[in-house]
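Each of the next two complexes has subunit A plus one other chain: subunit B in the first, subunit C in the second.
On to the complex of A and B.
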């Protein structure tokens, strides 16, 4: 598609062919564009045509956090012409170790405004559109319809399903990444886009084709609120930008007229990229895995042949994303006689009214390392569950699950965790294993965990 | 690289929350094992892992996605069987960012 011999004196593309005038692929680059994008335009496969496609594209980045910041930097740097950003949050100091588009001086500012300010500094040529609120079933279609490609940089399952469903209905390609603690995932969905219901052929999957069911909100990671390493989420955001640029520069986001798969379009094997980073084995290899995924599922709720999903329905609250993603968790509510508030525990201890007892803190050891109630013994919840399962499976003495200090069968046990859920489950597990000796030994939960301890007893406690 | 599984075994990799649930990144399990029995085998080793992790996870064999049959009892002639030396992975969705 190169016409003429572009040179930096402003004659590049001056003899433009006329055939591409309608879609803006024939115009000449400005001197600023030519200079700015020169290093990426000379990469094989990009060229002037690819660059003009980027300049004529509109990308929506949903989420201006750990994924959205690095993704947006490269999308802006590459010269995508219109960049929309959706986020309702404000910048907090605990964001800054990974959210590289914000700054210490902008704490308290809307994330969208902070990120756009950063991006303008990188490249002031694109048009930046601010959507300073959260994406909801009510506003999703109106926003997404204004763009050519969507990048899911959000942090919760309900929004992920919503974004995917709307992208299916509006035929928008979706580049979806996610990251928590030490792992990251990346997948390109709905690309090339084809209308909902087409199943006779090999078409790209949507998010629901890959992940039919959301994870239960009360699963293991919840009480630990896992944490995240900056480079892990950063790597995923950068890779996400790479995929988006590839799609736009090669016009894969444009729906073909008859939804045919041309040979080039067939090359896309749906792939889930997984990145795992292990802090505990510093010498171990970091690892990327590329997993071959299936295509569109015939019976997919969103894109399959009998799908009843519609934009009107979504706007009116059907399906209900919040409900779908909040499968009822087992209701841990121990009877009142097995619970004590943090304040009452503290008061009784100070007054010397507590018998000799053992206090088990079930937080992960990283949390425990910042501080604990005096005398607490750390037995991380995950390890405790594992041991309980092993004892049930292989037999063995139930008391092995307890720290040695608790081997006397009449020593009462108190359990505390981070926010008060794991501790209740621990009390139940210990009783299941018979460690309450039919009620002879008291096993009590400290209500509300260390969060409550900070609120009720010690406001200086270093709670994370 | 993951160590090669011992003779008569396959490797199973646990990603994200599957890793925290089992406190392992990888282990070797006896092969061959029909795919339909995989979840029951894991449930035996890790109580409640099915509801907490497996039911919403992807499963791959040798880096390729597979559909785990819902029915554990019926073994059809063309059913997928995990073979010695295979690499199986349990991949829960990650949703933070």
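On to the complex of A and C.
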């Protein structure tokens, strides 16, 4: 039987710091709660106290996609009392192979509403709070301040730095994960949280301590471009939920009263977990790696000694997250006479006005395998660059880079890619190698790539 | 093991992850016999290794996806025996026989 003497928890005064009401940890569980959570409550270390901590907790899940969906399922299932979800997107059919909180019948619905509908079906006891818009520097602090713990399930670096900065300033623990194609990463940050500027000891790092600068935009690939395996991102989302549940149920984010961490609170070794999923081999010794990271950095821009970061500043646009994450990329733009629109290429071809030519498609072979313009030859961009570099370095005939069909020096070459950037670079590369024979051979870019082809010529084209 | 007695090279393994393997022949793990000293006779450091990898192991010409302004490009973590290189002295760390050096690009998707 449960009875209500609250004194067992009274020795730890630190609970007040996070707003856990003393009586919240000693109340009886309702019959429904008792039944529903029985299997996790009997796990050693959890108990009724851990369960009540979860019930009294407020978790914010930012992003209702490939990470957020599986994360939210376990957070809701475990009985976290208040669950907020932030996302401005709507459900698309291409989300469903990995975003398991949505459904075919809810395509077009706001992701936040779709996910909450799913979670209510799973567990109707928690309070669900919908934030159906993207997190911005303007709204971030108001939203994050309402929660005890934040889960970063977003898909872009600008938002990741914003979330971390606000978590530092509001002293919120942050569980961060990311995943693209065949890799995933997970790290617990800012836990236990300590005020900004405190550096005279060992403290947990923030996102900026671990990842000082974002990668240049050109080096980043999104799930939309590079693809993503459902179980990979799902695994990371589930692991995120696991970490969040652990932190809240064991109050790992609450500094103990004497400010000393007990040995079992093994949080002083910040760890980045990476998961590598190889389509060519079974799970192996390096599929998971736990990497040792440093703690709070003295000179960290956000949490360090002389940080000037403030909530007011962030709200007013300082720092500028978009700018920080988008060093200008070289903007390829060939002169108009070297470019042709997809529609004009098609029209000329249909009218028989195009001379005999060769069409090079520089997309990856996976993309090419779904369909291409009639007669196109696949030379993936990376391979083409490699061959070009080898020719420059070791010499050899430049025309080896071209498919054999294009060996006649006067056959014009058209180049198409996915969205129209690689094709322009390819045109430049081929000219650099002298393959335009000083202008005698035409080398043209098809503007906007296969995306434009789908939009302007063939709406049924299987573009990914 | 012959590599231990050969004082002119240091045997190490170099791993790439998070998409960087694409720049190195799509191979995640490479066994490398690194010259034990650089051109000026100083012991091989991580900085030297990075330069060596660009010149000898990288087949893809997009070097700027690995190195920018002579340093590892932002967004790549370097791990020495599974510890962030900042805990070990970054570029100045002197490579030891049988070290494992891991380059991971940080991910942002989700």
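What we mean here is this: the second predicted complex is superposed on the first by the 409 of 464 C-alpha atoms of A that agree within 3 Å, B and C clash if a C-alpha of one lies under 4 Å from a C-alpha of the other, contacts with A are read in each partner's own complex, and residues count from 1 in each chain.
Criterion: a residue touches a chain if its C-beta (ideal position, glycine included) is under 8 Å from a C-beta of that chain, and two chains touch if they have at least 3 such contacts.
What you see is a predicted model; the values in this text were computed from it and never measured.
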Partners on subunit A (subunit B, subunit C) - clash or fit: clash
Touched partner set for A:254, first subunit B, second subunit C, both or neither: neither
Partner chain in contact with A:347 - subunit B first, subunit C second, else both or neither: neither
Subunit B versus subunit C as contact partner of A:377, first or second or both or neither: neither
Partner chain in contact with A:90 - subunit B first, subunit C second, else both or neither: neither
Subunit A positions touched by subunit B in one structure and by subunit C in the second: 63, 65-68, 152-157, 160, 177-181, 183-185, 210-216, 219-221, 226, 228, 233, 236, 272, 274, 276, 278, 289-294, 382, 385-386, 388-389
Residue ranges of subunit A touching subunit B (in the complex, touch as defined): 63, 65-68, 152-157, 160, 177-181, 183-185, 210-216, 219-221, 224, 226, 228, 233, 236-237, 272, 274, 276, 278, 285, 289-294, 382-383, 385-386, 388-389, 392-393
Partner subunit C, residues of subunit A touching it in the complex: 63, 65-68, 152-157, 160, 177-181, 183-185, 210-216, 218-223, 226, 228, 233, 236, 272, 274, 276, 278, 286, 289-294, 382, 385-386, 388-389
Touching residues on subunit C, where the partner in the complex is subunit A: 15, 17-19, 22, 28-29, 59-62, 65, 68, 73-77, 79, 82-84, 86-87, 102, 104-110
Subunit B - residues contacting subunit A, complex: 1, 15-17, 20-23, 25, 44-47, 51-53, 55-56, 58, 60, 63-65, 67, 89, 91-97
